[in-house]
Amino acid sequence: MHLSTPIIKVDAISKSFGAFKVLDGLSMQVMPREKLALIGPSGSGKTTILRILMTLERIDGGHIQIEGEQLYHMERNGQLLPADERHLARMRQKIGMVFQLFNLFPHKSVIDNVTLAPMLTKGTPRSAAEKRAMELLDMVGMADKAKAMPAQLSGGQKQRVAIARALALQPKIMLFDEVTSALDPELVEEVLNVLWRLCAETDMTMLLVTHEMGFAHDFADRVLFFDRGRIVEEGKPDEIFRHPKQERTQGFLKKIIAAGHRV
Amino acid sequence: MHLSTPIIKVDAISKSFGAFKVLDGLSMQVMPREKLALIGPSGSGKTTILRILMTLERIDGGHIQIEGEQLYHMERNGQLLPADERHLARMRQKIGMVFQLFNLFPHKSVIDNVTLAPMLTKGTPRSAAEKRAMELLDMVGMADKAKAMPAQLSGGQKQRVAIARALALQPKIMLFDEVTSALDPELVEEVLNVLWRLCAETDMTMLLVTHEMGFAHDFADRVLFFDRGRIVEEGKPDEIFRHPKQERTQGFLKKIIAAGHRV
Amino acid sequence: MTQWSGYFGLIVQGAIVTIELTLMGSVLALIMAFLAGLGRLSRFFLLRALATAYIEFFRGTSIFVQLFFAYFVLPLIGLELTPLQAGVLALGLNVGAYAAEVVRGAVQSIGREQHEACIALNLGRWQGLRHVILPQAFLVMLPTFGNNAIELLKATSVVSLISLADLTFQAQVVRAQTGNTMVPFATILVIYFILALLISWGVRSLERRMARGLDGVRV
Amino acid sequence: DDSKLEQLKSQGFARVAIANEPPYTAVAADGKVSGAAPDVAREIFKRLGVADIVASISEYGAMIPGLQAGRFDVVTAGLFMKPERCAAVAYSEPVLCDAEAMLVKKGNPKGFKSYEDVAKDTSATIGAPGGGTEEKLALNAGVPRERVIVVPDGQSGLKMVQDGRIDAYSLPVLSINDLMKKANDPNLEVIAPVQGAPVYCDGAAFKKGDEALRDAFDVELAKMKKSGEFAKIIEPYGFSAAAAMSTTRDKLCAAK
Amino acid sequence: MDWDWNFVWQIMPTLIQGVKITILATLLGSVLAAIVGLGIALARRSPNKALSRTVGWAAEFIRGTPLLVQLYFIFYVLPDIGILLPPLVAGVIGLGLHYGTYTAEVYRAGIENVPRGQWEAAKACNLSARQTWTHIIIPQAIPPMIPALANYFIAMFKETPLLSAITVLELMNQAKSVANTYYRYLEPITLVGAFFLAISLCSVVLLRWLERRYGKIER
């Protein structure tokens, strides 16, 4: 894996909200096809880094490269300028994101949710977009609900549609931000199953913020432990979960386990 | 335990919302000092039975007795009449409830939240009410935040104040409805610790709806498994969690475990 | 007494003028509402400033003053309007300013997460607005738009003061000719109320039609 | 130049401002404009080749500003000639003449005979149309501003006297008589003419600058006065043709 | 026609007389609207169906018909049944009733916006109905209402020119009377407009402050 170049390269980025520094010189690299789990206490900046990669937040300093290309900057005559909207739009084609609260479009049916972006951003004809959408809905087990409205779905079903919607744009990188934590415990499994399937059937790079430690352990190639806007520890799941080196990691895992989560 | 009389006796009650029957001839008994865990799938009626005991909903049929006295009915000349507000107010003195979303009074400080009810409903003088409130806040580990406003507290802190507030009226029965499920995973523990403490230091009867199966197992004397408004199975925690007899219970527990919860 | 039928004819003519004013004023108001409401949300300072100035000016000065201004002062600077034009202009611009704030509020009420979903799906700003935000926001606007339309209907009565023969004006005429105050005023109050009920009924059924599926029961 | 007249001819109508004050101006149940002033104007415009008049009802105070703003071509509403008004608009020769009257409660409880009487009684209030002749007469007689109530129209004035909101309501004699006739209220009484108030005459009022049109109007008016057609139109409404013919614009505009 | 500053200074004192009446009418109208609104809101919550329905329809009727016509009605028709009100009183009653139907909605929304959990927590604390209202609901319901109420009072202020139709010598009426006397509309109407705009812009600042201060309750 070390032979190839990283698909994501985050270089000493920082980000503040007002006076509050959320990310503080954070660096990380992700290899193509890698499955990464981001864990850590509440407020440690996990969501923020995903949102920055999706260009939902701007960074205050540092650089990010996606497939060797600057994300927030444009190279012009050897100079780095802030990226304009067109550059960002082009970079966003590589990235998809699934949100904790699904964020489906409530006024559009399931299939329209999935076809909207390809039709508008890529000019895919309706028939082709619908064909592809049905394949994706089939993959997430929602083909029979294609005509339903989001309000008629359970949380787990909504989340599966949201995943299909993000996949419709065929991104190379998928970001998942606590995609199960708004779900009733019995509905969590159906969504995790879809993630397993994605993992098996596609070769996307996946970044996953989660509190489901058991799933993170089984699923991820590598685990990053965040605390206060920095990566405190990283490694293979077994190392992190069974033999954490840092005190903060140990403390965090102990609390989580005490709270009843299986690792 | 079978020598004493039940403190709560629920007799064939039913409850519908519109055409939808939520509780269907439900009966159960709770002994004094018993700790009961109510588990079951979403929508099975767990919250509803607690709300009925707290008189937040009316019942459509059946009877409930608290300490041998009718809750929703008054005995007058040997006849059972619907209870009036005075009767309900008197019965409510025996019962306290803690809600999933805390429901603190946002315009009152922590200590005022706790002293309000004793001062208004029992005429406790302010000084005595505050002394007692400080003891309770101390017990839930919130004494240092007595002057804070609810908006300044984290979820776990809010929930501990809510518990103190309910205790201030010295109820004999405490109802807890998923008191940890709105909390960040790391904050769950501090609330569960308070419950452990309550269990050890008081002899209140406690009814607890929860999705924290590990906690339910360790904490409860008896577990009731709800499904579709009926009690499908009940027994000692070990029996229910390790050797469930009913198919529905087995299915439910399997799903929960798959979703990453420790039992 | 045979006169009453003739006078009732006058009232009906007045009702037609009132309805015309309400309809034309509403159309202008709707256009202004979207222009100014979206203008206030624009990234461009100039657009924002323009929209804000329009909104604050027309909400700030009374409709009454605006009408007199349009009718008596604008001709002095060479802008001559018929009473109907002056009425539609003043009513439309005035109510449009209020409705612009409704548009803005509704667009902002659509949670940030919907905007973010648009970005994550790489929709352009206009695409997101057009296909995702506005369709949802419109549903939020509708009830308030209904109220705005009723406000506009009521404000049409003020045009009687610039000699436009609307309901209120015709009631005044009937009153002067018959010497009876009670009958014409009571009649037009009822007519206004019926028109207001029609508006709210219309808006509500439109709302129901558009909301279909959005709060559907799980199936 | 005759351009204004040509313009009216080609559009086929003239826009006139009227009040809603019978018998000067009136609107029939079918919405048709009548009354002495518009009837005269309609006839004259017909002779000038302008087929019809289109009337819009206006408050007295709004007529001259409306004329200046180009809202109407001519005011035919019983707008009496007075020097200030002569300065603001171009009047035709006199059309309708009338004295002033007051409407009061039966028996004239406050004993008004003139506007000065109203001024003297410190508790008395008098109603008059805003911007109308009567308002100015009352103010000039020394009635303070706050006791001169601006009343939008005749029916409102009548009602306010009946309800005791004002002690007197002042309009020209014929207008008051018309109100009385319609109200048919035995508890009211008319004082006519008001002592010390001159007899006023109105004329058709044109915008300054439209003097050519006004002159053409005057020519036809003079012809009609001579032929007796003028009297035929206005006398059924109660106006006196002789009064209008016994004075001239120049005299009325020069009056102090 | 050109702007004449001398004329402006000449008419200023008269207009200021009008401003005083305008402000007085607004203040009295606001107090009345606040009280009437509370009455309507409580009546509509009443378990007595006949009362709540009747009040509900009456409020709908008042809200659906123009204030101008209502003012005519109060001023010219009510005396027929023996109710004779001085112009200012009639005007204040008109404003108060009309805007009372709006403030009633504010009260209703304010009360309904207190989350159900608060009622339930109050019950779980065994508070009586009265204690729940006075200690829990009202203290939480009032602050968010304040900006909305202020908004309506500002709107009412801008409708006071309608009182000129029932002979109240407020600002607009003074301006019209000035215009009638001198045959000039430009200056008086522009000044009235400027006055309303000035007050409105100040009130925008006031409103923003009220919203910041009271608009949101932190939970």
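Should a chain be cited, it is by its letter among A, B, C, D and E, assigned in written order, with residues numbered from 1 in that chain.
Here is the rule we use: a contact is a pair of C-beta atoms (placed from the backbone, for glycine too) under 8 Å apart; a residue touches a chain by one contact, two chains touch by 3 or more.
The chain lineup, named per UniProt: A, B = Ectoine/hydroxyectoine ABC transporter ATP-binding protein EhuA; C = Ectoine/hydroxyectoine ABC transporter permease subunit EhuC; E = Ectoine/hydroxyectoine ABC transporter permease subunit EhuD.
What you see is a predicted model; the values in this text were computed from it and never measured.
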Shared interface partners, meaning chains that touch subunit B and subunit E: none
Going by the contact rule set out at the top, which chains touch both subunit A and subunit C? none
Counting one step per pair of touching chains, how far is subunit C from subunit B at the shortest? 2
In terms of CA centroid distance, which chain is the most far removed from subunit C? B
Approximate Å spacing (C-alpha centroids) for the pair subunit A, subunit E: 52
Centroid distance [mean C-alpha coordinates] between subunit D and subunit A, Å: 83
Roughly how many whole angstrom separate the Cα centroids of subunit D and subunit E? 39
Would you mind pulling out the distance in Å between where the CA atoms of subunit C average out and where those of subunit E do? 20
Interface hub residues of subunit E, defined as touching at least two other chains: 1, 76, 165, 185
Contacts with 2+ other chains: residues of subunit D: 62, 65, 68-69, 159
Which subunit C residues reach two or more other chains? 72-73, 76, 181
Taking the top-of-page definition of touch, could you list the pairs of chains it picks out? A-B, A-C, B-E, C-D, C-E, D-E
Considering the complex alone, what residue numbers of subunit E touch subunit D? 1, 76, 79, 84, 86-87, 165, 167, 169, 173, 176-177, 179-181, 183-185
Contact set on subunit A toward subunit B in their complex: 41-42, 180, 184-186, 188-189, 192, 211-215, 252, 255-262
Which bits of subunit A are touching subunit C when the two form their complex? 51, 54-56, 85, 89, 92-93, 95-97, 99, 101, 103-107, 109, 116-117, 120-121, 148-149, 151-154, 165-166, 169
Over in the complex, which subunit C residues touch subunit D? Could you list them? 3, 6-7, 9-10, 13, 71-73, 75-76, 80, 83, 163, 165, 169, 172-173, 175-179, 181
Quick one: in the complex, what on subunit C touches subunit E? 56-57, 59-66, 68-69, 72-73, 76, 150, 153-158, 160-161, 168, 171, 181-182, 185-186, 188-189, 192-193, 196-197, 200
